[in-house]
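In what comes next, chain A is part of two complexes: it sits with chain B in the first one and with chain C in the second one.
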Partner chain A sequence: MSAEPMIDVRRINVTFSVSRGFMAGRKPLRAVQEVDLVAHAGETLAIVGESGSGKTTLANAILNIHPPTSGEIFLDGRAVRSLGRKEFARQVQPVFQDPYSSLNPRRSVGATIMQPLIVHGIGDHVEREQKLLRILDLVGLPRRVVNALPHQLSGGQRQRVAIARALIIAPKLLVCDEPTSALDVSVQAQILNLLQDLRTELGLTYILITHNLAVVEHIASRVAVMYLGRIVEEASVEDLFRAPKHPYTIALLESALTPDPTLGLPDLGLSNVFPNPIDPPSGCHFHPRCNRTFAPCSRVAPRSIVSDGHRLECHLYDPDIMSAHNAHSGDL
Partner chain B sequence: MQPSEPIPLRETRRRGRLARVIVERPGLVLGMLILGLIVLAAIFAPYLTPYDPYDQDIMSRRLPPVWNGWFLGDPQATMAHPFGTDNVGRDYWARLVYGARISLIVGFVSVAISGFIGSVVGISAGYFGGKVDLAANFLIQTRLAVPVILVALAAVAAFGGSLQMIILIAGLLLWDRAAVVTRTVTQQIAKRDFIKAAKALGASDLRIILTEILPNLAAPLAVILTVEMGQVILLEASLSFLGLGIPPPAPSWGLMLAEAKEDIFFAPWAIAIPGAALFLLVLSTSLVGDGLQKSRER
Partner chain C sequence: MTAPLLKVDDLHVRIGARDRQVHAVRGISFEIARGETLSIVGESGCGKSMTSLAVMGLLPRTARRESHGISIDGARIDGLSDRAMSDLRGLKLAMIFQEPMTALNPVYTIGNQLEEAYRRHNPAAARGDARARAVYLLEKVGITAASERLNQYPHQLSGGLRQRVMIAMALMCGPDLIIADEPTTALDVTIQAQILRLLRDLQTEFNLSILLITHDLGIVARTADKVAVMYAGEFVETGTAREVFNAPAHPYTRGLLAAIPVPGKTERGGKLAAIPGTVPSLTDHLEGCSFFGRCSRAVPDCALGHVALTEPSAGRAWRCRRPYLEEAAHQGGALS
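So, the complex of A and B:
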């Protein structure tokens, strides 16, 4: 692994100001809180969480579509803030969840894929067409689709078009937001395999946003678990799946997987509903649903604890809190 | 990595398509037909009549149209003036086809102006949102509070009626619907991921508006602008009828109606003919607008 990470997210926050209705004033919604993340070249970093966990907001922040309110992101050692929009775009490209929404319905496949070259003024007409044909082969689309409109293609083909559009300017980092969950189950594996192949072939780095743990196990190398805007646990895929530590992660892994993306995460068997992100619970945000919650949880927010590249935020693994707690309960 | 899914490229058979449109959208086809004929008549007016619409002929005033001769045996009816003549002996058919030019120019040009203003207001409101949206909404509300006819009367009183004046009044006042519709549609489009993709590409707002949003607005804009065109044509006719629009002796249909109204009991056709022309033109625009709307919904 090289010394300089491909992308280095340092303590970013994204805060929205939300109106709470007529005359009620506005409240801050901290969609992403103090998030630290690192992805090295060639890695696939997965970010998992329920809907409402802030994972898409995090993706938008990393994509610079909605830059973080505070904190800094470094791309290949350079601060993203100091890069021009286009300079940044050349290196980081998105793949979205729904290929029905991510392609302009009025633009042909060929024009869609070549659009980045036009925006960035790369090549002349002939070179653009050559690149187009090469990328079509690369993503496994037949050449005759170039004049087709998106509605004439199947979901899997559209997603291939979206991937081709992202790749044609040769970015280094791809941010994939649920790249398969809008697709038929039969097509999901094909797109995942394609993403895998492209990564090794082109030496890409992926940030993969998903709620689907099967996808994570399939292609990710590291996983960060998000809950209410915070990364509650982060570890290598093997570590996390073999020995999850955070009660939330454990619940996630124990629950059976539902293939239907609209259901979000399966019923975790956890008490309580998903809390309102505008009014997050005190202390550990997870405590109303946690099955191991104890005295300090509702009062103190857990620290980040790192050991052996396994990072988590839970009092159960904080030796100071635990000894204090044990000493206290021993007094009783 | 081979293409593994089937390729369901939709087959579009060219033949039989026209027939299908006629069967499925008779209103649209009929409207386009009428509108097309009127446009052609306006363009080729000099070839459709040997008369000048301004030439008076005192010897043949208030001649009835030729069908009065056929059906009522009116001896004055003559093939020389198929639609008859008006109270100063001008050929009615000539005035009608030249008059179509006025209606259509007023219609097209003011709709182009109002469509432009409305799109600029509506797209910026829908795309940028927030404060821009508030400002645009204020503009739209202000515009809706302005009574069009009153402003038109005041403007004509102050500056005098003319073709340019009417076009300007209609163009500068009737953009509200275009603004409201483009705003709503832009809001819907702006939420979609291809706008996000364009932003992530580093494309400028102007490029996104012109290349991503505008092509998706073409259809809804065409719908309201055709309907709006009918309204503008009626507005011109009404103002001219009131003597506040195009000044005589121009062959505006509204003016023809006004000039014929004194003779309504002696020469009813003189009212009926321009009235029917106006009706057909406005009907055709709403048929087209309606038909386009329905095709969009499918």
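So, the complex of A and C:
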């Protein structure tokens, strides 16, 4: 195993230019801001956050679908910018949320799964057939579905086809964007089991984009929490679930409704103010909704504090800010 | 307890023409008392949404409803004309749909849409009354600057705000029953928790009965008084939330609960218990148990005849010949 991380995201920004309407100028929307992330080989790195937090934009930047506006991404020690598109695709493959729309409805299952081999010019006809049959077994699809069209399959089978298509060229990294959100719970369990088995069998690295914290706890090893384009907290899964620190992470964990009829509904204490991503709040982006906000939050953007592999952006845990604040309140 | 607010007796819904008919809802009966929440939980295609539309009288044209009676406050509503049903909708029973973006009309302001139902049911009321009621309810559902919001269009609001508007709209005429079909599925988790709390607070304040349709067992456990687990058009298990979650008797209920990872309970990285197989086609006549073929406890007998509902006490029932009884009794005992 190389010492280089499988994927190393260094201070990337993704900025879109958004029209504000007829005759109005365009404004930058900073969908991903100053993001640092590392995933080592064999790890499952989860990125969680609400809609609009930039998690899918970050996934698209990692997938090189929409390269970052600034910053650099390294794959196994090599800058992604320097890699050719095909060379990159050989190593990194996506699995999308909705297997209904990510599969070509007019292409058979077999042709869909074999397509990457043709694109990359791998093997001859016979070898491709062999690879196809092997991958079908691996993802648990019966061989008879080879000639079926996507609409003839169930949702779970379709997601297996999407996974098989991603795996047939033996990539190292799989970027899964909400891989089970469109599925029923009994099918979600099958797909999560499959992803786990494939990771250990093939030594894959996963980046898992999801809003489902129960899924994160179950299969991920590290987790990064995003809010309005920034990673506000990042830690190992054990750490984050045992001792979440950022008020937003705490609210997220509390809102994961476990099936326990004795617990009732959580009171998050968050305000109903929703920030506009084009015009994000000053200081800490979360301060208008935060239940522990204090003076510096609206003025100063929190810096990144790292201790024991637990990284976070919150003034409450910044000793300098807190001592300055306490001294100041003492004066009054 | 007094007479139930909503009583549904042996409801069937059939969709499509004679030759390729889908029997989507296969004889379900339930009651909801005033101020109570009944949650129907099941996976996609089990018939839960058809059940809610059948009660509202909003089934698609190709679907037919049959029953031995649907009544609200003791008055039958299943025989009513479209016109008479439309007089009741909004007034006695109202619906909150899943996707507030598509359920709100994009070309009318929030105010127009809130006032419309009120004025439909109170033709004599002045415009100002409707507006005052709209402002009152928008404030109730936690929307600030309510009177300015009335002039906004749905696209100007976030998803959470839109769903609050939907809830305010459902309450405009003070209905007794709210049918909420996946009310928070399209929302972020923190917003979901806030909306569910809001619904619960409004329920207490206005003594509402709620029929909550969802696929999310977490929501059911945290909000419902009574639970009905639906599979292939039938209720396979019913009971109070504690009965169903602490001592599930039906193998399908057990399977659903085992399939979801629960932080702190499920072993991290361990195998989840997936339910093998797929839901049976509802076009055919189903012989035997509808869960036969996916059930780990099935015996050959399960494939024969119709499995009747076993009802050991009022409201507690399961449709299974080999239920998890000893374990159920044991866990139930430990709980009480």
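Note that the second predicted complex is superposed on the first by the 315 of 332 C-alpha atoms of A that agree within 3 Å, B and C clash if a C-alpha of one lies under 4 Å from a C-alpha of the other, contacts with A are read in each partner's own complex, and residues count from 1 in each chain.
One rule holds for everything that comes next: contacts are C-beta pairs under 8 Å (C-beta built on N, C-alpha and C of every residue); 3 or more make two chains touch, one makes a residue touch a chain.
Note that this is a predicted model, so its numbers are computed, not measured.
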Chain B versus chain C as contact partner of A:Gly140, first or second or both or neither: first
Which of chain B and chain C A:Ser51 touches, first, second, both or neither: second
Touching partner for A:His211 - first (chain B), second (chain C), both, neither: second
Contacts of A:Ala148 with chain B and chain C, given as first, second, both or neither: first
First (chain B), second (chain C), both or neither touched by A:Asn291: neither
Chain B versus chain C as contact partner of A:Ser282, first or second or both or neither: neither
Partner chain(s) touched by A:Gln93 [first = chain B, second = chain C, both, neither]: first
Which superposed partner A:Ser323 touches (first chain B, second chain C, both, neither): neither
Which of chain B and chain C A:Arg107 touches, first, second, both or neither: first
Touching both chain B and chain C, residues of chain A: 154, 187, 190, 193
Chain C partner contacts - residues on chain A that touch it in the complex: 50-51, 154, 184-190, 192-193, 196, 211, 213-215, 217-219, 237, 241, 251-252, 254-268, 270, 272, 274
Residues of chain B defined as touching chain A within the complex: 1-10, 192-194, 196-203, 207, 211-212, 215-216
Residues on chain A engaged by chain B in the complex (per definition of touch): 60, 63-65, 84-90, 92-94, 96-98, 101-107, 115-116, 119-120, 138-142, 144-145, 148, 151-154, 156-157, 162, 165-166, 187, 190, 193-194, 197
Interfacial residue positions of chain C with respect to chain A in the complex: 43-44, 142-144, 158-161, 188-194, 196-197, 200, 215-224, 241-242, 245-246, 255-266, 268-269, 271-275, 278
